[in-house]
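So that we are looking at the same thing, I have put the structure below in structure tokens.
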Amino acid sequence: MRYNSEVISNNKEKLNSKKTSRKNNLIKRLLGSRNLGDLIFERLTLLFAVLVFLLIVFMGYEMYTQSKLSISKFGWHFLFNTTWNPVDEVFGAAPAIFGTLVSSFLALLISLPLGLGVAIFLSELSPSWLEKPLSFLTELLAGIPSVVYGLWGIFILVPWLRTVVEPFLMKHYGYLPFFKGVPYGFGMLAAVIILSIMVLPIISSISRDVLKAVPTSQRAAAFALGATKWESTKIVLANARTGILGATMLGMGRAVGETMAVTMVIGNRPMISASLFNPSYTMASVLANEFTEATSDLYLNSLIELALILFIITIIINIAARLLVWSMERKWKKA
Amino acid sequence: MNVVDKIKTVQEPARFFSEKDNIKILVKNLSAFFGKNKVLKNIYIDIPEKKVIAIIGPSGCGKSTFLRNLDRMHEVVGGTITGSITFDGEDIMQMDPVYVRRKIGMVFQKPNPFPTMSIFNNVVAGLKLNGFKNKKKLSEIVEKSLKQAALWDEVKDMLNESGGAISGGQQQRLCIARTLAVNPEVILMDEPASALDPISTAKIEELIFELKKNYTIVIVTHNMQQAARVSDYTAFFFMGELVEFSETNKMFTAPDKKQTEDYITGRFG
Amino acid sequence: MEKSITQKANYYRRKTTNVFMMSLTLLSALVAILPLLFIFYYTISKGISHLNIDFFIKMPTPVGETGGGMANAIIGTLILLGIGGGIGLPIGIMTGTYLSEFGNNKFGFMIRFLTDVLSGVPSIVVGVIAYTLVVIPMKHFSAFAGGVALAILMIPIITRTTEEMIKLVPHSYREAGLALGIPKWKISISIVIRSAWKGIATGILLGLARAAGETAPLLFTALGNRFWSIKIFQPIASLTVYIYEYATAPFTDWNEQAWTASLVLISLISIMSLLFRFITRSKYKNVN
């Protein structure tokens, strides 16, 4: 009997000591293989990253829910209806969408060749003493606030258009539908010009980066074959065309979202016309002008739906642009 | 001991050192992997206390990987191992890696002082960043470590200059001082002089002679003459395996294995 | 070697094309700077007229009266930047740190992608978001709502710059720190981020400069205020909104003040830029 109880108590001791040593090992392993500070650091930074994620998801979701009223009332017709009448509560986004797309597209027509020209000049042609100050100046252009552009537009650009440019165009090219109508100064033409100035720095700086990413071996090969500078540049451009397309799309994205400068010179009337002299409206301008005046829920919902459309358009343009720029950079990293 | 255990112990190679010698680090059946790639194969090696062990071998034989396993730097780049490494009897993989690295310090091939810190702060970086604040004590440690690294006389008047403002050889000695300041027991050196000029190299070798009085040193080198000059024992690695381990004198005059002899006489590598 | 006639003609044609195209690019460079010069010229020449102490100390006068200043707007812009920075800076830096230290997984990829998307969202849409996020629940406009809008605009820039600057720090610094037995998180903060902070500060500056020039998102968040107010949960004035209002108003005196406000705003942005360059200058003379 005693023998048995001794064995039992011996075994009990063995079990207990095994338990405590197992517990000690567990603690050692928990604290030992993973430092506590590291864990906190990782979780804390993760928390903020999750916050950013939630914010963006929330953005899309909120805009959708806050525009439910007008979505249910107008449906797809919202996109095609050309009447935007707050008084009668009929909301069609077509004029605003038209204004946004046309003004951006035309602006790009001007700023693409100019921006590309600047980029080519800076990366291929200019002597190094000129390159730094010149590129600094173009970036300075990008830093000027939109309202200041608008201010300049109202008091300098518009009068000039009204008194000099538009009458000139009317006189010599008035048979074209683009130059009919009364030259107010304010209107699509003013918006297009200001937009092109604002988009130019984006196109020129990204294009310059893209051109610089093309290895000098390409240019060297061209020169070794007896090419002129321009011919070598054509080859570099061909290599960089995906990236330049990406730069253009980023510029388009910026133009589409540009608000203040455009609002101040575009005349703010929801009409669709071919003439550049006529006032127009962009989605961003509608929001800027009318958001604080939305008196009814339907009005507010329609405005938010407009914001949602603008949001989606810019996202699509930006995604496409980034993909293009990325693919170009990857192509040269592999080579 | 049942039959299986008996067979397992029989397959282990005979140990070079006996129980009498003080073994600081014991490596048993170490195999190291990068993903599926086995870069070290079944290494058995004993690192005795307060001696200099040189690791030699041709490029790509795994010597740096082996060294990095000793202070758990292998896992930092995503490597894995099987087998065990014990330090003073304890398995280092079960210990806090931060603790392991304080006890087993490392000097790298390319000197890497912190350029945003002064020389003073570089030396005590390991202490300051672990919360040590006593200014007087820190100054003492700076002087002691720099003297141990044979750098004190050259920089004692410029302790507030940037750690990057001195020459390559001085930077490497600064890194050694920095390693010494945290009071390790073992110092691992990964080709410490290969990026330096001959005079700095000679200074570093003198330093190793002095240091081994107080520290265990394991040095990887591709320079066989350096290994012959500096070390007490030498290990020859080839293609991830430990080919031979013996006293340095013997290794370079009468090696056991033909492969060792071929490498030492320059027939390959 | 004799050149045939067609070869010679070809050669000259190519040469002429070359000179022509290259001059075109020079021309476009000049044309591109022209608006910049115009804007600076007009802003300075027209803005100087009202640039006096009154502008900085006095409040705007009632409609129709001349004189007065924009003291409330100047303070308002600074307060909005403070709120926006206070929210946006920590979020941006922490997220950038997460992406560079731990972000090599699917979640990190998605965050990176989403911040890129966020950077392309027009500022007016961000204003609408801040409206639904803050103004609607609070039931009135406030400086806080404006600050939130500005923070959302700053986050992508700061995140991306922080991540890229941290990634530029050489791996050898981390290795050295690890080998000394310093815990990973201490290495990230005291060694890596400390090496990268100048680049990070540049990102912060870029974010602040962009936010300072924003008008659209403030129009229906911070709204504007004709009186002196530094209360965070009330509407607040800002330079940009004032420029908009005064530029589009029918009063010449107000129009002129708009130019002055533009001058002050551009100077503010330039001063921020210079200040940052000063702060981030190298402490040591010769650093490798």
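For clarity, chains are labelled A, B and C in written order, and residue numbers in each chain start from 1.
Assume a residue touches a chain if its C-beta (ideal position, glycine included) is under 8 Å from a C-beta of that chain, and two chains touch if they have at least 3 such contacts.
Here the structure is a predicted model, which is why all the values come from computation and not from measurement.
Q: Hey, which chain ends up farthest from chain C, C-alpha centres compared?
A: Most distant chain from chain C: B.
Q: Of all chain pairs, which one counts the most C-beta contacts?
A: So the pair of chains linked by the most contacts is A-C.
Q: Using mean CA coordinates as chain centres, what's the gap between chain B and chain C in Å?
A: 50
Q: Using mean C-alpha positions as chain centres, tell me how far chain A is from chain B in Å, no decimals.
A: 52
Q: Counting only Cα atoms for the centres, state how far chain A is from chain C in Å.
A: About 15 Å, centre to centre.
Q: Can you list the chain A residues in contact with two or more other chains?
A: Expected reply: 35.
Q: Give the residues of chain B touching no fewer than two other chains, as numbers and ranges.
A: If we look for residues of chain B contacting two or more partner chains, we find 98.
Q: Can you list the chain C residues in contact with two or more other chains?
A: If we look for residues of chain C contacting two or more partner chains, we find 183, 186.
Q: Per the contact definition, I'd like the list of chain B residues that touch chain C in the complex.
A: It comes out as residues 71, 73, 76, 98-103, 105-108, 110, 112-116, 125-126, 129-130, 161-162, 164-165, 175, 178-179, 182.
Q: Can you check the complex and tell me which residues of chain C touch chain B?
A: 170, 172-173, 175-183, 186-187, 190-191, 194-195, 284, 286-288
Q: In the complex formed with chain C, which residues of chain A make contact?
A: 35, 37-38, 40-42, 44-49, 51-53, 55-56, 58-59, 62-63, 66, 113-118, 120-122, 124-126, 134, 137-138, 140-141, 143-152, 154-156, 197, 200, 204, 228-231, 233, 250, 253-254, 256-260, 264, 284, 287-288, 291-292, 303-304, 307, 310-311, 314-315, 317-319, 321-322
Q: Going by the contact rule at the top, pick out the chain C residues touching chain A in the complex.
A: For chain C paired with chain A, touching residues are 14-15, 17-18, 21-22, 24-29, 31-33, 35-36, 38-39, 42-43, 46, 90-91, 94-95, 97-99, 101-103, 107-108, 110-111, 114-125, 127-129, 131-133, 152, 155, 159, 183-186, 188-189, 209, 212-216, 219-220, 223, 240, 243-244, 247-248, 255, 258-259, 262, 265-266, 269.
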